[in-house]
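Same chain, two partners: chain A is paired with chain B first, then with chain C.
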Partner chain A sequence: MTIALDKPVAASASLRERFEKNRRTAISTLSVIVFLLAWQFLPMLGAVDIRLTSTPLRVLKTAMELVPTADFANDLRISGVEFLAGMALAIAVGIPLGLILGTSRTARLFIDPPLMAIYATPRLALLPIIIVWLGIGLASKIAVVFLGAVFYVLINTMAGVTDTDQRLVRAAKSFGATRLDIFIRIILPSALPAVMIGIRLGIGRGVLGVIVGEMFSSEAGLGNKIMTYGEAVRIDHLLVYTLFVSLCGYLMTTGARLIEERLRSWRPQA
Partner chain B sequence: MAQIVIEDLAIEYKKPNSDARFMAVEGISYSIEKGAFVTIVGASGCGKSSLLMALAGLIPLARGSVTIDGKTVIGPGSDRAVVFQDASLLPWRSVLGNVSFGLEMQRYGGGDLKERAMHYIDKVGLTRFADYHPHQLSGGMRQRVNIARALAVDPEVLLMDEPFGALDAQTREVMGDDLLDIWERDKKTALFVTHSIDEAIFLADEVLVMGKDPGHVKDIVKIDLPRPRTNDMYDSEQFNEYRKILRNHLAKDMADMRMQTVAEA
Partner chain C sequence: MKGLLSLVPARWRPLVFGTTSFLAIFVFWEIAVMSGWANVFFFSQPSKIAVAAAAQIANGELPWNLWVSVMEFLAGFGLAAIVGISAAIIAGWFRDVEYVLDPFVWFTYSAPLAAFYPLFVAWLGLGLPTVIAMTFLFAVTPIYANTLAGLRNADPDLLRAARSFGATQSDLFLKVALPASVPLLVAGLRLGVGRALTGVIVAELFGATAGVGYSISYYGQQLQTTNMFVSLLVIVLMGVILTQLLAALEAQTEGWRVDPNG
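After this line comes the complex of A and B, so read on.
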């Protein structure tokens, strides 16, 4: 019984796939170009008010001036520290708690009602009370990021654990695996992809938390600048910060997705 | 004394959506000699897997006892290894990693673990595929990995639950031949569940025929074909006799099943 597994995909199929992929890339690129051109030239034609929309070239020029400044670096550092600290805390709390809740039914029943109550509350609605408790400095922003991200990490970790294939657990038991063996060798590896999904979703919420937190009350940070320039109607400055935040969020989410895909490379391709 | 002694065994399960319990298997008494190859046949749902899981120590007994080499079974042990009916390979581990898994769980300390795992991978003919992951293998290859994983821990008793269930007839036959080769070299006690009458006869010293509602021993058919078994035996007069006996048992089950479906309808 010899089975060749070396060349599973026919050459013609892969060619067509490549063509299809190129076509998709071309269409997406075209859409971006059309948008940028419209943004650049519609104000020139007087179709829209340039003071409200700025132009891509203008935004680019402002970005080149702003980004190298010490002020920008300072805002980035403040927002970055708030985000990273909140995120680290969310991971440090969310994963262990998710593992415990996934493993123990009693713990799950006990913690489910308060968890769901907070989960169902829009986290930003808690902002005022957080500020009352923690002030307008670093701590309150870390708390907002934490609250935004921790549930995604926790709930996905928990789901990863409870979704563990019981047939694998049984097989491990048949070889005399201890509870610790089962936890480390079966439950952890099968929950890992779900944990990464939780972290990826948490990153999105965390970025949102930092920016809105800063917009709401702060003395510095990227969100603070977005608010300030928004109120001053300086659209090019505002957009530099907004687009920068989008870019950061996009890069981090994409990074998390790449790790996620690596972690589940053992899964059959869908 | 026999190696495996099953006495008045009963297995209960909870009914779905209620607290009521029902007997899946009741009153099984049966003994197996060391080194024997026993195949188990019977209608779907008659408790073959349940019996095997009880021997593996993976489910509690409602009544009765199982002893192996004089020791009462109270849980899994390194004297037994199971080849499961359904997927039980770790999808994130390679063939090598999966075959090593049982050894790791049993804290194998007898030398190079990898070398030993490779030895058994070689035995089931998968040396070239040692680095493959389960989803990259065919169904037959996956079952070979399952068998290698069980053999690698060198158990006294091999419990196999329809290991060839998902395979086509030709592959089954080849795998059956290979399994007998391996078994004849090591002479482990083997219990092997199957739905194929020919397979049951070809492999066995003894066929345990089970009946339903609740699961019980219906008959024990001794197979007096010489070993090693060869493929021309399938056509022998003797083989045909065994075929008739087993088909009779199972045909009656099927007739009962049809009656039941009609009655329920």
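After this line comes the complex of A and C, so read on.
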């Protein structure tokens, strides 16, 4: 049973916390090591088919061979451009639209229902029709990333605006602020952390969009290679790409989270 | 606009305006295609979609695809709920289990899980088991993480009170922490529903022999946009109905508890 009941005095609390934190890191690290060892040695013992699991050392070796090649750089460049373009578009459309919808209650009444319907639907279902509209090249992937990310940006921006502290707005009004003043000096800054949450969630969906889009139909890109090597059952190659993409997703999400915390820390707690 | 608003009683506003805006979209769509402004080959037309949907229902295609997708969804999501909630309860009881699972939870949270699809195909073959596995994988993490957060968020005052009245550790867990976790658990299920639906559709798009996702991809290859839209609208309906159901469940589980500040 681990629910802490009695808070010990301050000094020993920090000691205990530090112990708990070290213990946490140690156990988590150990868990990953055990997983890697099992992955490495179970196939050797014949418990699982090595052709279907590969081994961590083999994946590492393949990664060292694959990652420096020009081919890999090219795929990364293509997927990267698709992701960044789609993401930039999602931000450029999602934030202004979210700000407008957030400030107008009437507009929200009309827009909310279709917006929620799209939000509740897996946007990746649109992939085949987007391919019909835009072809199998860059444009369709950019559209998929855009559709994956834009609703998170939009809805969070909207929420950020509607959650603005009305006391601040009223105070500014009574000191003679114009609507523009209120918008720029109060609504915009107070919506910023929510916007950043939207961007972070959008990044995750955007990465998924690029990869699924490329896996579904494309001529190049990291997702294309994932599908190609998957169909050829070359698990070590497949895992190099899969893990690389996962790492990219992780790094970008973590980066966005850091910015988010930065944005939140400068303001006093409400 | 203000005058228009006051014509409708507040209770009915969401319904009235929602219906209006959906109708407006369909009417605009129909007219845009009819007037030749939008190409019918690319965008189809609501009236044509309705006819195609009726035909697909009559020949049993749509009900069959829907049945397959719903079964896959229920299997994958059900499995994710069982595994996610039990794992969270175990991790809530033994903190070390949480630490052991932590790295894998982070990983599945930030990795685009669809990239593991070929791996599942290699292991389980093309078709039903792979779709269910993907659905499970998409849904299990938010369910686990939210349930665990719910268990951890038990009100410390309640815990202290229960303990001072002689509650044992298992009493604390079963009677305080577990009920306290219900709202977050349900929130996790809601997130899981959305992701499970994505899992079903993505896995069906890639490779299946039936299901609404499969039918979109099948008609896409034949450039039959009208039939694609039929499946798309079915998916939208599935998404909306599932989300509404979970929202209702969420409201229910919030309702039984007394507001601590009230």
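The rule is simple: the second predicted complex is superposed on the first by the 252 of 270 C-alpha atoms of A that agree within 3 Å, B and C clash if a C-alpha of one lies under 4 Å from a C-alpha of the other, contacts with A are read in each partner's own complex, and residues count from 1 in each chain.
Note that in this section a contact is a pair of C-beta atoms (placed from the backbone, for glycine too) under 8 Å apart; a residue touches a chain by one contact, two chains touch by 3 or more.
Computed from a predicted structure; not experimentally measured.
Asker: Check whether A:L66 is in contact with chain B, with chain C, with both or with neither, and answer first, second, both or neither.
Answerer: neither
Asker: A:L188 in the overlay: touching chain B, chain C, both, or neither? Say first, second, both or neither.
Answerer: neither
Asker: On the A-aligned overlay, A:G176 touches which partner chain: chain B = first, chain C = second, or both, or neither?
Answerer: In the superposition, A:G176 touches chain B alone.
Asker: In this superposition, which partner touches a larger number of chain A residues, chain B or chain C?
Answerer: C
Asker: Could you say whether A:I100 touches chain B, chain C, both of them, or neither, answering first, second, both or neither?
Answerer: It touches nothing on chain B or chain C.
Asker: Which chain A residues contact chain B in one complex and chain C in the other?
Answerer: Residues 1, 3, 5 of chain A touch both chain B and chain C.
Asker: So in the complex, which bits of chain A are touching chain B?
Answerer: That would be residues 1, 3, 5, 165, 167-168, 170-177, 181, 185-186, 189-190, 266-268 of chain A.
Asker: Which bits of chain B are touching chain A when the two form their complex?
Answerer: 56, 58, 76-78, 80-82, 84, 86-93, 101-102, 104-106, 125, 129, 132-133, 135-136, 138, 140-141, 153, 171, 174
Asker: Report the residues of chain C in contact with chain A in the complex, numbered from low to high.
Answerer: 1-2, 4-5, 13-14, 17-22, 25, 42, 92-96, 99-104, 106-107, 110-119, 121-123, 152, 154, 156, 159-160, 163, 169-170, 172-173, 177, 194, 197-198, 201-202, 205-206, 213, 216-217, 219-221, 223, 225, 228-229, 231-232, 235-236, 238-240, 242-243
Asker: Going by the contact rule at the top, pick out the chain A residues touching chain C in the complex.
Answerer: My answer: residues 1-3, 5-6, 23-24, 27-28, 30-32, 35, 52, 106, 109-114, 116-118, 120-122, 124-129, 131-133, 204, 207-208, 210-212, 215-216, 223, 226-227, 229-231, 233, 235, 238-239, 241-242, 245-246, 249-250, 253-254.
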